[in-house]
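Below: a set of structures, written as structure tokens.
Two complexes come next, and they have one chain in common, chain A, joined by chain B in the first and chain C in the second.
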Partner chain A sequence: MAEITGESPLASRTELLAETSVPGSLDIGEIPFLTQVTLRVAPEGAAAARVADTLGAPLPGPGTSAVAGDLLVLWMGPDEWLVVGEQGRAPDVEEALHKALDGEHGAVVDVSGQRTVVEIAGPRSEEFLNKGCSLDLHPSSFGPGRCAQTLLARTEATLLRRHGATPVFWVLVRSSFARHLADWSADAAAEYGEGAVLA
Partner chain B sequence: MMLIPCPWCGPRDEIEFHYGGQAGVAYPQDPQAVSDQDWAEFLFFRDNPRGEFAERWLHAAGCRRWFGLRRDTVTNRVLDSDDTRTVTQ
Partner chain C sequence: MSRFRLRTGGRIDRDRPLRFTFDGREYQGYEGDTLASALLANGVHQVATSIKHGRPRGIMAAGVEEPNALVQIEKPFPEPMQTATTVRLADGLEATGLPGQGRLATDPDPARYDSMHAHCDVLVVGAGPAGLTAALTAARSGARVIVADADTEFGGGLLGTSERLDGAPADTWVRQAVAELDRYPEVRQLPGTTVFGHYENNYLVALEHRGEHAHTRQRVWRIRAREVVHATGSHERPLVFSGNDRPGILLAGAARTYLHRYGVVPGERVAVFTTDDSAYAAAVDLHDAGVEIAAVVDARGSVPPPWESLCTERGITLMPGSAVVTTSGRERIDQVRVAPWWQDEAAPGAEHTRIACDTLLVSGGWNPAVHLHSQARGGLCFSEDLGAFVPDGYPPSVRSAGSAAGEPTTDACLASGADAGARAAVACGLTAEPADLPRAGSVPVRSGRTVWMVPSPTDSTGDTQYVDLARDATVADVRRAIGAGMESVEHIKRYTTLSTAHDQGKTSGTLASGVITELLGRSTGEIGTTTFRAPYTPVAFAALAGRERGDLYDPVRVTSIHDWHVEQGAPFEDVGQWKRPWYYPRGDEDMEAAVLRECGAVRSGVGIQDVSTLGKIDVQGPDAAEFLDLVYTNKMSTLKVGRVRYGLMCHADGMVFDDGTVARVDEHRYLITTTSGGAAGVLQWLEDWLQTEWPHLRVHLTSVTEHWATIALAGPRSREVLSRVAPGMELDKDGFPFMSWKDGTVAGHGARVFRISFSGELAFEVSVPWWHGREVWEALVEAGEPLGITPYGTETMHVLRAEKGLPIVGQDTDGTVTPYDLGMGWAVSKKKDDFLGKRSFTRADTARTDRKQLVGLLPADPDLVLAEGAQVVEHPELPAPPVPMLGHVTSSYRSAVLERGFALALVEAGRDRIGDTVHATAGDRLVAATITDHVFYDKEGARRDG
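Coming up: the complex of A and B.
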């Protein structure tokens, strides 16, 4: 049998992102192969309540996310959520959500290959992201747990601010646009690097 | 650039949206029965007012939902508040 091998969407940019990162002020790196499952269900129905029971947390409202055990639930639309977890969790997450839907109108789809996650961390991360994104990312308007689908460097991306003392953002970007985003990041972060000349 | 208020995501840049044209253009009850002239008017003829205009917008780069919005075509001012907008899921 042929051996199946694969690499993450940003495997070819791992070194570039490591070189781009500036220790202590901006850290950029890929978190590959996370489990991502799209869930669509009417938010007010009985199925949504069963899903919330299964996840152990209520489905989050517009522009927010929820932590459900070791899973993360992101609001993607009025009847749409994205469940994110560690690599390899997709089959059991899918099965559990299917069970919770119990035949009611809805959908559960494994979309783990659709996007990859780029983590942007450090005190410079808001300033850096705002070079390609017009959202107000100040903690007072985009605090921990907030998420938004928007354009980053003209690419559709989902931004999520993680909980924690220092700013940490997750950028969920389509696999086929990930290398563009990585190349843009290297350019946008150049001014923070050592030896950079701030004109 | 216009700042368009998405009913779900809040105010966002115009480039995140697709324009859907005039709102409230009804599909003919019996498409087989209308004359060529009426069919052409349904397909191609739209109001082009100077001032208030009800239109459809799609938040394509965000929640991917359609919504209605009244806009002043002269000033680009958005005339709707959250309560008066048509929002579909």
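Coming up: the complex of A and C.
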């Protein structure tokens, strides 16, 4: 697994996000360089079945994600998924998916640089996200594993609620928009900072 | 303490006095006061003069329905057009009365405004008796509940009366209800929050006042609710009679609120004029607070027995079967004249009784606050019993409760709220238990007499009978509208401006319908009301804008190399949401000097540009070639793997809408580029055709714009620079020919390198994953340093491509330009059966020979740079208008290699006119210019291989 060197989209905002975070209330940070591969394949078919075998988990249905070993698979559309893994996995994942498609119509594209991941965790995270996102993020409606493509702070974003005892969200944001999202986050989280008491 | 402020009672804190200034005079009030209650406590009734007639006007209501008491807040922050009845008193507050119109502050608003999205099962609007029982019932069922009320504290009408629930003061029950709601984790209480809009599918918008010292002063809530309960209460309606607008005339319920909520009495000798029961409570309560009640004038023939005995035992004079016909007083009412007016008589009798008073309380009945219900497309009907419009027919998942639904008593409000809350919970699939309700022991209410206006013996036209005090609209104005032939309430509203002020007719709307009814001799139900529209109360634009201002106004997109450009001091050009470096000034260079230098460097040495913003789309699938043949004008299926072709896209009308390059990656895979600003639109356009018109094509599109950072190296020495950091790559013109691509290693990273050129010079474009962008850029800059590598921005790129006659879509085209107009017929395939736009090229209009065509323009004065957009005309002198326009300048620059100004222009039949002299506007003169070919430099393409 190759360690990626270079500059992630939010490298220049690492400190800002750290300062923005409020321990015990809201934690915001970038998870850089994750492998992201777009998979397009007809959902009902032999190729999709082979992909599921390869991944070790069925392709998740609308609005959900699936854990497949050390990979995460997000439903992005009726015939589109995003396979997410640790950094440097793109060539393996691409190769495995191509092999699973076995010449059947589909598409596999490395888009690891297209988006970066921002993790938002803590009891305030739902409210914080709802400052810029109109989705209902209550656990009864957007529970662990749920994902959606939406707008956050007027920026295209893919939102995923991870499994965990406290709320943890991943925001997959286009690399060119990532700084805007970070700057918006610092502004939106300011009220939870200094002296703010968790209700 | 002033004689108008009671020693005890009310919900103010007498231990926390607040100083404030009104119209330059200093006064004192208390924590918990509104500006209006504090003014009344100081004996101040007149707040302003009226907008048209300049008459003195005072405080009339105790809430959002106030038509008169408009103030300009000067401190803490200037805000126009606030109603004194809704301004919370604060220490140091400064305000002045407004004659109808305020002024915006000249300084920026220092406060913070933001917004929040929220979802719930049940949204309860209003936290009076009905709202609280609705919220409690829904909350007990386990529903996610939001309950919002405009007031600073919950309780609604209960806070402004002396009512008792289960034998205890009503606020004890309110406190218990709030405490219980507090215990439910899924209940959100929003005091100080006005729900001001109800839109489709139960999307409601509210404004929360969080306090002057809060981190966020106001917050806009955008709420999506499965079920909505409108417990919005009701507004008391005034009566129309001659001189009904003087300061000192208040709504009876408002006087009761001032007494019980703020410990304030409005005067020393109070007359009451009513058509229903509710005003008696005000008379009795004020009497008990030590105020002299001059008389209670009731338009009904008799006084209801319970009120008759309560008044008689207090010695209050009762005048049933009477009406106030006129008032007098200079700055404040000092007398009313009362005449007998029995229910079946058209007009009051001629005999007048004069009654001295300093205050007149009026009540013409109560209008349910149906605004939000009506905004949600709920129906209304006129209830003869209530003399008001009430909900009649509910949209799905919306219901009203309490006095908003026309319930007359507290007991009925409590019950209807609980019922609405339960039904809302059940609609959400929950189980609601019957609620255990407190008892108010309300006395039965007798029907009012529906009185819209009292005919006046002295004012037969109605010039002093005010229907809308905020707009100074009178009965005479309504008469004039009807005289002009209008019958619809909507027309009369617009003609008279009735109900169009800040209060949107909360006191005048129904009254206006009633007055029209009487003047037309129709029924009120038939006349109806005007349309209720959001916002329910005024909302500041600052609140609606929220945080979307300044740097957060619109998302800014940057490339991976952005910070390098910033460090070099480059100004940026906005291209869509992207920031692109415009030019890189050195020392004292202005833009022109910097661009000339950058252009010179590319033409004679080597330049480097960040072109990461170009849109990139991965096209995959067995039918990819066929698909691209359909969407581009030229043929892409014949492109060999490893090669690149320029492509034009047209809309179905044959007009150019985007361009870019197409690289064939393998048999079934292409990588196409789009313009920076057009990327999203192109992807959407392609998906649209693929999904709706050609679903049989097996093709997938994936945006990879930001996966890649892309760097252009241009100039005769670009190969040399690249070779220093890509030693393993064959770069000579045979090994790496023009319009081809290959993968390789650049500065130690895997890269895809294209040999394409937008300047005519030998050039390469290097793409690496986003996170290596800056590193590879810096490696190229370092490698090029000995060769004088020069970073260049969008301006230089524009000049260089214009010298080569290459158009920029969106600058040299405007949606009316075909490839042929651009002189790019070579890019339109003659061999393909079909492609988007093809059929349009056979239209007579696209085949015209006098279409505007892209040509070059050289001003006669070589130092002149024509203005982009300058009109092109035939002659040096303008003929009489209309002046025939030949076209306009689309691009214009100073060229380093041409050593002169030059331009591209769209000119009628331009290609047939090469060599002709035409004229272009330059400020207020016309200058001569020669039409030339649109390619100015290196026509033969000798420079592209270096």
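Assume the second predicted complex is superposed on the first by the 189 of 199 C-alpha atoms of A that agree within 3 Å, B and C clash if a C-alpha of one lies under 4 Å from a C-alpha of the other, contacts with A are read in each partner's own complex, and residues count from 1 in each chain.
Everything below uses one rule, namely that a contact is a pair of C-beta atoms (placed from the backbone, for glycine too) under 8 Å apart; a residue touches a chain by one contact, two chains touch by 3 or more.
Everything numeric in this text was worked out from a predicted model, so none of it was measured.
Participant: Now for A:Thr150: first (chain B), second (chain C), both, or neither, which partner does it touch?
Facilitator: first
Participant: Going by the contact rule set out at the top, does A:Gly63 touch chain B (first), chain C (second), both, or neither?
Facilitator: In the superposition, A:Gly63 contacts chain B only.
Participant: Quick one: classify A:Ser134 as touching chain B (first), chain C (second), both or neither.
Facilitator: So A:Ser134 meets both chain B and chain C here.
Participant: Please determine whether it is chain B or chain C that touches the greater number of chain A residues.
Facilitator: Chain A has more residues touched by C than by the other partner.
Participant: Looking at the overlay, what does A:Gly77 touch: chain B (first), chain C (second), both, or neither?
Facilitator: After superposition on chain A, A:Gly77 lies in contact with chain B alone.
Participant: Contacts for A:Glu119 in the overlay, against chain B (first) and chain C (second): which applies, first, second, both or neither?
Facilitator: In the superposition, A:Glu119 touches no partner, neither chain B nor chain C.
Participant: Output check: A:Val111 vs chain B and chain C. Expected answer is one of first, second, both, neither. What do you get?
Facilitator: second
Participant: Using the superposition on chain A as set up above, list the residues of chain A that contact both chain B and chain C.
Facilitator: In the superposed arrangement, which is not itself an observed complex, chain A uses residues 134 for both chain B and chain C.
Participant: Flag every residue of chain A that touches chain C in the complex, lowest number first.
Facilitator: Per the touch definition, chain A meets chain C at residues 4-9, 12, 32-33, 38, 40, 105-115, 127, 130-131, 133-136, 138, 140-141, 153-155, 174-177, 179-181, 183-184, 187-188, 190-191, 196.
Participant: State the interface residues of chain A toward chain B in the complex, per the touch definition above.
Facilitator: 62-63, 76-80, 134, 148-151, 156
Participant: Help me check something: in the complex, which residues belonging to chain C touch chain A?
Facilitator: Within the complex, chain C contacts chain A at residues 114-119, 144, 215-216, 222, 224, 547-548, 551-552, 554-560, 563, 578, 613, 618, 620-622, 698, 700, 702-709, 769-775.
Participant: What residues on chain B touch chain A, complex-wise?
Facilitator: Within the complex, chain B touches chain A at residues 8-10, 12-13, 15-16, 61-65, 89.
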